[in-house]
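Have a look at these structures, which come just after this line.
Two complexes come next, and they have one chain in common, chain A, joined by chain B in the first and chain C in the second.
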Partner chain A sequence: MNELSKIDRALPWMLVTPALLWTLLFFVAPFVAMALLSLNFQAEGGMTVSNYSQFFTNPSYYRAMINSLEVTGMVTLISVLLAYPFAWILAEQIPPRLQRLALLLAILPFWTSYVVRSYSWLLVLAQNGVVNDALLRTGLLTDPLQLANTRTATIIGFVHFFVMLLTLTIFASLKQLNPSYRKAAADLGAGPIRTFIHVVLPLTIPGVVVGAFLTFVLAIGDYITPQILGGNNELLMPQLIMMQIGRRGDFPLASALALILMAMVTIAYIACARWLKIERT
Partner chain B sequence: MRVFMRFLSAGYALAIYGFIFLPVVVLVVFSLQSTAFPIPPFTGPSFRWYEAVLNDPRLTSALFNSLAVALISSLVAVALGFVSAWGFARFMLPGSGLMRGLITLPLTVSYLIIGMGLLVIFNMIGLPKNLLAAGIGHVVINLPLCFAIIYSQMGDHQINIERAARDLGATEWNVLWLVTLPIMWPAIFASLFLSMTFSWDEFVISFLLTRFDTTLPVEIWNLLRSGLNPKTNAVGSLVFAVSVVAAIILELILLRRRPA
Partner chain C sequence: MFTSFMPSLKRSACAAAIASIAVISPAAAADLNALIWCDHADPALLKPFEDANGIKVNVKEFEGTGAGFAIVDQSQPGDWDVMVIDSIDIPRGVEKGLFEPLPEDKLPLADLYDEVTMDGSTRVDGKRYGITEKFGYNTIGFNNSKVDPADMQSMSALLDEKYKGRIAIYDYYLPIIGMAALSIGKNTADLTEADLPAIKEVLLKMKGNSKLVGEVTASQTALATGEVDILVGGGEWVTAGLARENPALDFSVPKEGAILWSQSLAMFSASKNKDMALKFIQYVMSPEGQARLATSSCYWGMPASKAAALDDAQKKILRFDEQPEFLKRSQPYPAPSAELDKKMQDLWTEMLQSQ
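And now, the complex of A and B:
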């Protein structure tokens, strides 16, 4: 009997330990290793912040962070502005029995591989790609536009992905809206536009903020889209980090840059935390 | 006014659909190109680039590597996630909130940083770059997801059913197999499917942690170095087709389950 209760007491720990151990070994330990590496930590006790000071003093390094913030900010803003009306149309203008199909269609390209999706935009935007071909053919342009390998291309590629993501999240928050609020507003004499501005929009803002936060976090950490579409003309943070790993093998600097990038995400989280919390309750 | 509004809505929705579908349509159309460049004018249709993909041993072996890594790493992630969610939902553990937070923490960190951290410690302990290393990374990114999904579905209702089974004399093991797993099946299936999708599509961790034998996204990335190439279109279209079929299957399963 005593034996059995001992097993009973150990059982919960036996259940949760494997996952905890996995997280500690392959998530926490790498972080500690990166932090130590970024400080040039020596077993004898020496460490420096030279990798961090390098980031703040070398223009080509902090420029990458500014680029990242600019691109990510633009992407988040454009994606929200494009996705909100689209999600609204899907939720309000399309007959309910077609809504699921309309939404499924709207996120179908989500299912292409991420690398392939960026490559597809390269096809569209290339010097002799579809867009330039169409513009030249119709006579709207005499010389092809330089679209590939620019910041514009990076932003287009990102916006494409995040319009789909935000349409999903905004659609969900529009659908969760209690219809009686709208009826109440109408009973009190508000027209459709006033109802939207004073009732629907404020109530869906938390959902928008959650989506915008997701967009920010996923875009600022992404290496694929800027590398394929933006090229190496200007670097974003993930590209700068990869460059330290790949071409230069400078792991201490790469670790410092990665931790700085994480700090940016944490700041964004704190900025949105108020809204993110509202959403959870 | 109302007609004008409908007209505007329809126009806007069509424009966004056009934007969303443009790259996919271009990808698929020019995968059927018969000449060497996937740019206008369209010279197809021809299936030569699909043949080229299927006859490329690097791509076909990368495909199998991707499937194997996705399946195995997802099974590990779901198993770890399920067992720990069960532990946290059924027993009061000291520091439970903190430990749950720790398990879900990797969700907030970019794949690039997770991959880099693993590269650093694998270098330290001398684990070579290979598919096993990439698989470990995929479990790291998918475990928090599986845990969160399964844990959120373990409510009081299920606890009471389990308690009833125990009162009726079922052993712990029987409760798990005959009660908990069948009840939790939808959440388990959803997390397995999501994990496999993420692993299947994951690039940067595999890129950092594999060398010779690699996964499909990395092999596609290698193809990109040769510039625009209809072969890349063909392999991209194939991946798209497979994913769409998988999505439809999932949708059908979800639809069938909804009335219950």
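And now, the complex of A and C:
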């Protein structure tokens, strides 16, 4: 009996050990190495925060963080606003037997390479691209719009990708909603709009927040989309980090910038985690 | 930049990422393992050498000397045999103890254009550590059906309102800072921190007139698709490869001059295959190797050797006959100290962030 309880006690640890080792090797160890590198840590003693102070004293550096927050915030907001009605149509308006097919069709474009898709957007938004061509031919414009190589292009590229991600998380929330809640609201005299605002929306907020958090995390750390579509007319944090490595190989500064970026993600996580906790109670 | 602790720190990090090291480590010691730029990945260049020597050349592409050295740092000594590197960065590799002196008597140095041997960079303490294999110009690339070619004979056109929104800037700070320096009458070899404010003024004006700042593919695409008509920093490396499809793409060496880019081959001192590494360097420097490298599918450029076996059409596209004049009017990349390099990169960052 005593032996059995020992095994019982050890079993959970045995089960989580591979995951713990994985996290230690591929997250904790590189994280500590990066933190030490960012401080120019020396074995014989001594370290400096000069890489961090550079970030806060150089306007071009902290401007990159502001740009990243502005772009990511905008992408997250637009993606949520587009994804919610899309998910609602999929969950509520499409017959259940066609929902799988509809979801498949919706995510089909994402089977192509992310880089190829970004370059495709560049061609679509270019001065001689499909968008400008259509607007000029229909007479809606007399001169082409400057769309490619702008912040707008970066946001369009991001939104195209993240709307689908958010749609999936919101769709899952909507499908998990017990239909009796809506019936109860209707019995109590609530119309469809009131039911949506007071019942459906609050109950699907966890799905929205999870999707929004994923969107924020993935967008703020993305290098490819702003690099291809933004035309380097402003720098975002991942571009600033890459810039330190290319020619000069300044890994300590790149590490410091990466950790600052990570701190922003952590703050976003804390904000979302607190919010989600309230929703779960 | 790296402290004494950094190598051991890096080794620890690498040990924790065995899987990723396996991915970037070359395949087998018997093969030739080369750290290269994309022009060396062309099978038309590699296959004749592989067939002649019965070996496989394993290549790993990288961009930027810092990124290349990072790959070496993460590898085991002896993993790599040869490296393609910016000629001006050879002393950085020598300082890190990476490179092996090359036997000058076994290399066709006499065939090279005098201006591109770059002995100031390729030779350190009297020993040759690199040999220039390809060169070209960071200058003004343009579409001659969209702009007045006469305007492209002066860098002042880059700041002219007439071309506002029709310009792309190549995203590499050293040559473009070099071009800005030339435009205000400064020699690239003499640049100091005191010159940066005047250079900044030019760069900000240039940015204000431009539509985008793009790396190699983005800037090439912008010029080729008509998104822009002028590429600051462009040259034969952009226009020559596209000449057959779009003969309107052209480049000029303006009256202020151009920046000479130059890439070299170096051999690793830890190479386990030095004989084959030297054979590879000799092959690339041979007339056939030079012609294949110059016309690589990734990008074209001038062969460093005057003996390159190019046909007349290829020579015409590369403007072979004009090289003596172009070389006379060109200056090498700025080769700043580490401190000045950092300041130049910060200046570039400021330019990119300016609205």
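The criterion applied here is as follows: the second predicted complex is superposed on the first by the 247 of 281 C-alpha atoms of A that agree within 3 Å, B and C clash if a C-alpha of one lies under 4 Å from a C-alpha of the other, contacts with A are read in each partner's own complex, and residues count from 1 in each chain.
The criterion applied here is as follows: a contact is a pair of C-beta atoms (placed from the backbone, for glycine too) under 8 Å apart; a residue touches a chain by one contact, two chains touch by 3 or more.
Computed from a predicted model, the values in this text were never measured in an experiment.
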For this session: Look at where chain B and chain C land on chain A after superposing the complexes, then choose clash or fit.
Result: clash
Exercise. Of the partners chain B and chain C, which touch A:G249 in the superposed model: first, second, both, neither?
Worked result: second
Seminar exercise, completed: Between chain B and chain C, the one with more contact residues on chain A is chain B
For this session: Using the superposition on chain A described above, determine whether A:I78 touches chain B (first), chain C (second), both, or neither.
Result: neither
Exercise. Regarding the shared-chain residue A:A64, is it in contact with chain B (first), chain C (second), both, or neither?
Worked result: second
Exercise. Does the superposition put A:F26 against chain B (first), chain C (second), both, or neither?
Worked result: both
For this session: Determine, under the contact definition given at the top, whether A:A186 touches first (chain B), second (chain C), both, or neither.
Result: neither
Exercise. So, A:N233: does it touch chain B (first), chain C (second), both, or neither?
Worked result: second
For this session: Could you say whether A:L214 touches chain B, chain C, both of them, or neither, answering first, second, both or neither?
Result: neither
For this session: Please indicate which partner A:N128 is in contact with in the superposed arrangement: first for chain B, second for chain C, both, or neither.
Result: both
Exercise. Is A:I241 contacted by the first partner chain B, the second partner chain C, both or neither?
Worked result: first
Problem set entry | Candidates 59-67, 203-211 or 293-301 of chain C: the single one with C-alpha clashes against chain B | 59-67
Seminar exercise, completed: So the chain A residues that chain B and chain C both touch are 26, 29-30, 33, 37, 119, 122-123, 126, 128, 228, 245, 251
Problem set entry | Residues of chain C touching chain A in the complex | 1-6, 8-10, 12-13, 16-17, 63-67, 69-70, 165, 171-174, 211-215, 218, 221-222, 225-227, 338, 341-342, 345-346, 349-350, 352-353, 355
Exercise. Can you list the chain B residues touching chain A in their complex?
Worked result: 6, 9-10, 12-13, 16-17, 19-24, 26-27, 30, 38-40, 80-81, 83-84, 86-88, 90-91, 93, 99, 102-103, 105-106, 108-114, 116-121, 123-124, 136-137, 139-140, 143, 147, 172, 200-201, 203-204, 208, 216-217, 220-221, 224, 228, 232-233, 235-236, 239-240, 243-244, 246-247, 251
Problem set entry | chain C contact footprint on chain A (complex, rising order) | 25-26, 29-30, 33, 36-37, 40-44, 58-61, 63-64, 119, 122-123, 126-128, 146, 148-149, 227-228, 231-235, 240, 243, 245-252
Problem set entry | Touching residues (chain side chain A, partner chain B) in the complex | 11-16, 18-20, 22-24, 26-31, 33-34, 37, 82, 85-86, 89-90, 93, 104-106, 108-109, 111-117, 119-124, 126, 128-130, 133, 160, 163-164, 217-218, 220-224, 228, 238, 241-242, 245, 251, 254-255, 258, 261-262, 265, 269
